[in-house]
Amino acid sequence: MVGLDDRDATWTLAHIRKHIEQGLPLVPLFNIDVIEASRERGAVRLRAGEHVTRPGGSIAGPVQFALADVSTYALILADRQDRAAVTVDLTINFLRPALLLPLLAVATPLRAGRRLFTAEVRITEESSGRLISHATTTYALSLA
Amino acid sequence: MVGLDDRDATWTLAHIRKHIEQGLPLVPLFNIDVIEASRERGAVRLRAGEHVTRPGGSIAGPVQFALADVSTYALILADRQDRAAVTVDLTINFLRPALLLPLLAVATPLRAGRRLFTAEVRITEESSGRLISHATTTYALSLA
Amino acid sequence: MVGLDDRDATWTLAHIRKHIEQGLPLVPLFNIDVIEASRERGAVRLRAGEHVTRPGGSIAGPVQFALADVSTYALILADRQDRAAVTVDLTINFLRPALLLPLLAVATPLRAGRRLFTAEVRITEESSGRLISHATTTYALSLA
Amino acid sequence: MVGLDDRDATWTLAHIRKHIEQGLPLVPLFNIDVIEASRERGAVRLRAGEHVTRPGGSIAGPVQFALADVSTYALILADRQDRAAVTVDLTINFLRPALLLPLLAVATPLRAGRRLFTAEVRITEESSGRLISHATTTYALSLA
């Protein structure tokens, strides 16, 4: 049996970041950095990069979706070490155009259940704190 | 003043495809092809490519989000020629892992309003017709 | 142990209707009838009644939500006989004002899984077939 | 022309409450009280009452939907005095069973635009502060 301390010792931020970058090639491709992963918060930053814009020059919806999804996955990895957790659904509201990088996405738990994990994500412009988009998402856990 | 016939003549499938590929660099990056754009349907195909997988090897959520979003944008361009239409919100339900490419995403209108355009998208494995994910999305139109 | 045949014999449409009307007092209150419950479809009808309008006289959102939720519950009862199934989330798009009763809500499965059941619901005006609203919802099953 | 002060003077909390109770008969029926309406927050309380339970005895989903929808409408009435604002879509995540009344629903703006108003709603048990459900919703404004 693996205790909590052993578990936390293995799934450090560096380990979570490496697991995500290797499993999700679009994370390094879009220049997304996993910057925090704890039981309280998962956070990622989108730095300047290619490929990420939409007509008009702002950050494309699929890239913002990636920020919401990956920040939640980081949160779940830190809380549950469940690499096989999968997204059940995600709703994202695009509130304002994202014109200024970096963006910050912060996921916090709404309910951390045994089988399902529901989180809320706020995506902001890092420099101004301006809210760009809001998401809620539910993951199914595999270790239940 | 531009009449309906002129409009349709300009915004052909080839024109819409080119507009999307130039405005959304992640479309060619992910190997997404716009294959249909009419007032009834927008459709895109995801062919084999790099960058698109998630842990476990299936197609990542953000890539499926891109399929849903882009197929709807193609539908709106064909119906309204409104290049400045923007996604207000999108809800996606991931139903089954997408293991076999190509994927097909087909967007159909739920309501084509004056200011808002709401569509439904079904993403299937092309070979089997198996339903992979389902999305609903609302766009705000700029030409109202 | 209860076999499949026994199960189907017990959870008839009449039994499902009675279970829903007793467990959900807002169903008779709003004049909602469960009219179909099979593995393929759950359907309810909203007949004329008090309490159901919003400012302007059309059918209020919470009443439409009830139609979507109850038609899905009927579908799940017919397929799984799981009276403790609970709604995880529901997204509803209101497309057109509902001015003419009766309304019909039809739920069909998007994915009938072991732990989660995801359905799509279309709410129409019965007389015209006009689409009034669209919902997707996920239930968590208790018998998994 | 009506200035801001006149406007605020007319659409007091008492006026908003009366407008909602008369236009939405399910509000008094379910024993829902509008308790706050400002540009920053709309809030409603669900007190003990009939009709509001689901199988198992907790508060039914449609009632929670009503709390989310009505608290947002109160917020919009306070901010915009737009009685013809209509719900475009609403996503609700049911996190925990609501067993203990009263419930409190608080809506806050995510984006208060010219044509669209997007809000977030948290529904809690008033006594414990326990989070019961979370919703995001977009309204279309009529006065744009």
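A, B, C and D are the chain letters, set down in written order, and residue numbers restart from 1 in every chain.
The working rule: a residue touches a chain if its C-beta (ideal position, glycine included) is under 8 Å from a C-beta of that chain, and two chains touch if they have at least 3 such contacts.
Since we're looking at a predicted model, the values are computed, not measured.
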item	value
Furthest chain, CA centroid comparison against subunit A	C
Recurring contact interface, reference B-D, options A-C, B-C or A-B [over half identical by residue number]	A-C
Distance between chain centroids, defined by C-alpha means - subunit C, subunit D (Å)	23
Mean-CA-position distance for subunit C and subunit A (Å)	34
Euclidean distance of C-alpha centroids - subunit A vs subunit D, Å	30
Junction residues of subunit C - those touching two or more other chains	88-89, 91, 93, 118, 136, 138
Touching residues on subunit D, where the partner in the complex is subunit C	19, 23-26, 29, 50-56, 60-63, 65-66, 69, 83-84, 86-94, 97
Residues of subunit C defined as touching subunit A within the complex	88-89, 91, 115-116, 118, 136, 138, 140
Residues of subunit C that touch subunit B when the two form their complex	91, 93, 95-96, 110-111, 118, 120, 131, 134, 136, 138
